[in-house]
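Chains here go by letter, A, B, C and D, matching the order in which they are written, and residues are numbered from 1 within each.
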Amino acid sequence: MTVVDVEGQLIVGNRQELKQKVLEHLEAGDRKFVIDFSNTGYIDSSGLGVLVSLSKKIREQGGELRLSSLNEDLRTLFELTKLDTLFRIADTRDQALEGF
Amino acid sequence: MTVVDVEGQLIVGNRQELKQKVLEHLEAGDRKFVIDFSNTGYIDSSGLGVLVSLSKKIREQGGELRLSSLNEDLRTLFELTKLDTLFRIADTRDQALEGF
Amino acid sequence: MEPDHDLVLELPTDIRTIEHAVEYVVDRCRQCDSHADRLRLNFRVGLTEALSNAMLYGNGHDPSKRVRVEVTLGPGEITARVTDQGSGFNPHAVPDPTRPENLLKAGGRGLFLMRQLLDEVWYNDQGNQVTLVLRLEPTSPPLSGGARA
Amino acid sequence: MEPDHDLVLELPTDIRTIEHAVEYVVDRCRQCDSHADRLRLNFRVGLTEALSNAMLYGNGHDPSKRVRVEVTLGPGEITARVTDQGSGFNPHAVPDPTRPENLLKAGGRGLFLMRQLLDEVWYNDQGNQVTLVLRLEPTSPPLSGGARA
């Protein structure tokens, strides 16, 4: 199980860091991932894109990616883009871990 | 010559400090005073009142009180209350000191 | 000829500069937001006046008495109601501090400033409760309110 | 029964408490200011999209090319114009990323987000300059703009 915090923004300038970190754990054999947004300011379209492509890669390996602790701003971005239908989004990190 | 900086707010809760400081120098014989507002946030009516009463006391001793470095907010307060007609208000501290 | 802009940036093609550039622009916009101006000056000074009158005159400096502040954030306006435990006064009897004969007085500018800076100022009948309304409309002038004495 | 308030304070009669009480109230009001919301999310994300497209596609990552940002603060609106040194594109040809067949694609949400979050988005004929307009009206919903795709 890997839990990753996104600190600050998840945008075009830094999205590769998150991608690399998750892919390393995936290669190392982890299959259950939670990305937690408690400390995230905003996300742009390329940040959303990274989440979509990570989710796809993890699913291809039989794993699952869950998201947690999206504030109201971030939730709006997922709703506008309909990506809220693609991810399991938990209110808190603990709820994301429950029964994982 | 005494130059006094007002740091933060000049309001009902702290106006006595300014008053005391200026009156001490007046009693010690100073007659030329500049109060500088470069670092002042806002002033309430009792802060304005302290300036009026200090100006009166200084004038009674044959001295003068000048004000300097009022930002736009503070200038508005002086204009609304017509106190801009009562004081010599300089744009900068240096201009207040010129020919004093 | 270039048209006038409030802010112009020239950025290199380096996506790592985006975050800072965006923060910089947003901060500058915030500073020019007239709502922020009216909160910073008009509301802050008006509320300070209401609180000090409540403590000094209403409650007569009595530390055992309390002042109640109720704030309501409506769409496009902020209302602050300040109540003291005093017996009130007649706000209409307060003289205009900008008249020449009052200009040299140390006091008497509190109500005047509230009325100048807020869009609405009203007292209850007794005079121990004042309600201040600040409108947040894009057309409001940044520094002076609509209610004049 | 008491009416609902967004914020209620009970203060002791102590004038030294006024400054902090006023700051506290103003901070809380700022947080609920829908202009601040729209600057924080809508404008920030929209401008980020415009800048990254300008750098990635317009200037094709070429560090010798530059991006120009011009911001104008009008009464009740903020306009940001972003110009790159590329040859442009046809913004009408960009597909809707919320259609089921596009939902799993990693890219293609930038223009869509700009159009959703800003009140106006328009490109020059060439397609190397985008203009974003954010309206700051008290009635604007805090999170989504008026322009839909």
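Here, a residue touches a chain if its C-beta (ideal position, glycine included) is under 8 Å from a C-beta of that chain, and two chains touch if they have at least 3 such contacts.
Remember, predicted model here, so these are calculated numbers, not experimental data.
Centroids of subunit A and subunit D (each the mean of its C-alpha atoms) stand 23 Å apart. With each centre defined as the average position of its C-alpha atoms, the distance from subunit C to subunit D rounds to 27 Å.
Between the Cα centres of subunit B and subunit D there is a gap of 42 Å. In this assembly, the C-alpha centroid of subunit A lies 57 Å from the C-alpha centroid of subunit B. The set of subunit C residues touching two or more other chains comprises 15, 18-19, 40, 44, 48, 52, 56. Contacts with at least two other chains are made by residues 11-12 of subunit A. The touch graph of the protein chains shown belongs to none of the named shapes.
Going by the touch rule set out above, the chain pairs that meet are A-C, A-D, B-C, B-D, C-D.
By the touch criterion given at the top, residues 8-9, 11-14 of subunit B touch subunit D in their complex. On the side of subunit B, the complex with subunit C involves touching residues 11-12, 42-46, 48-50, 52-53, 56, 72-73, 76-77, 80-83, 85-86.
Interface residues of subunit D facing subunit B in the complex, by the touch rule stated above, are 15-19.
By the touch rule above, subunit D contacts subunit A in their complex via residues 37, 40-41, 44-45, 48-49, 52, 56, 97-98, 103-110, 112-113, 116-117, 143-144. Of all residues in subunit D, only 4-15, 18-19, 21-22, 25-26, 28-30, 32-33, 35-36, 39-40, 43-44, 47-48, 51-52, 55-56, 59, 61-73, 75-78, 80, 136-139 touch subunit C in the complex they form.
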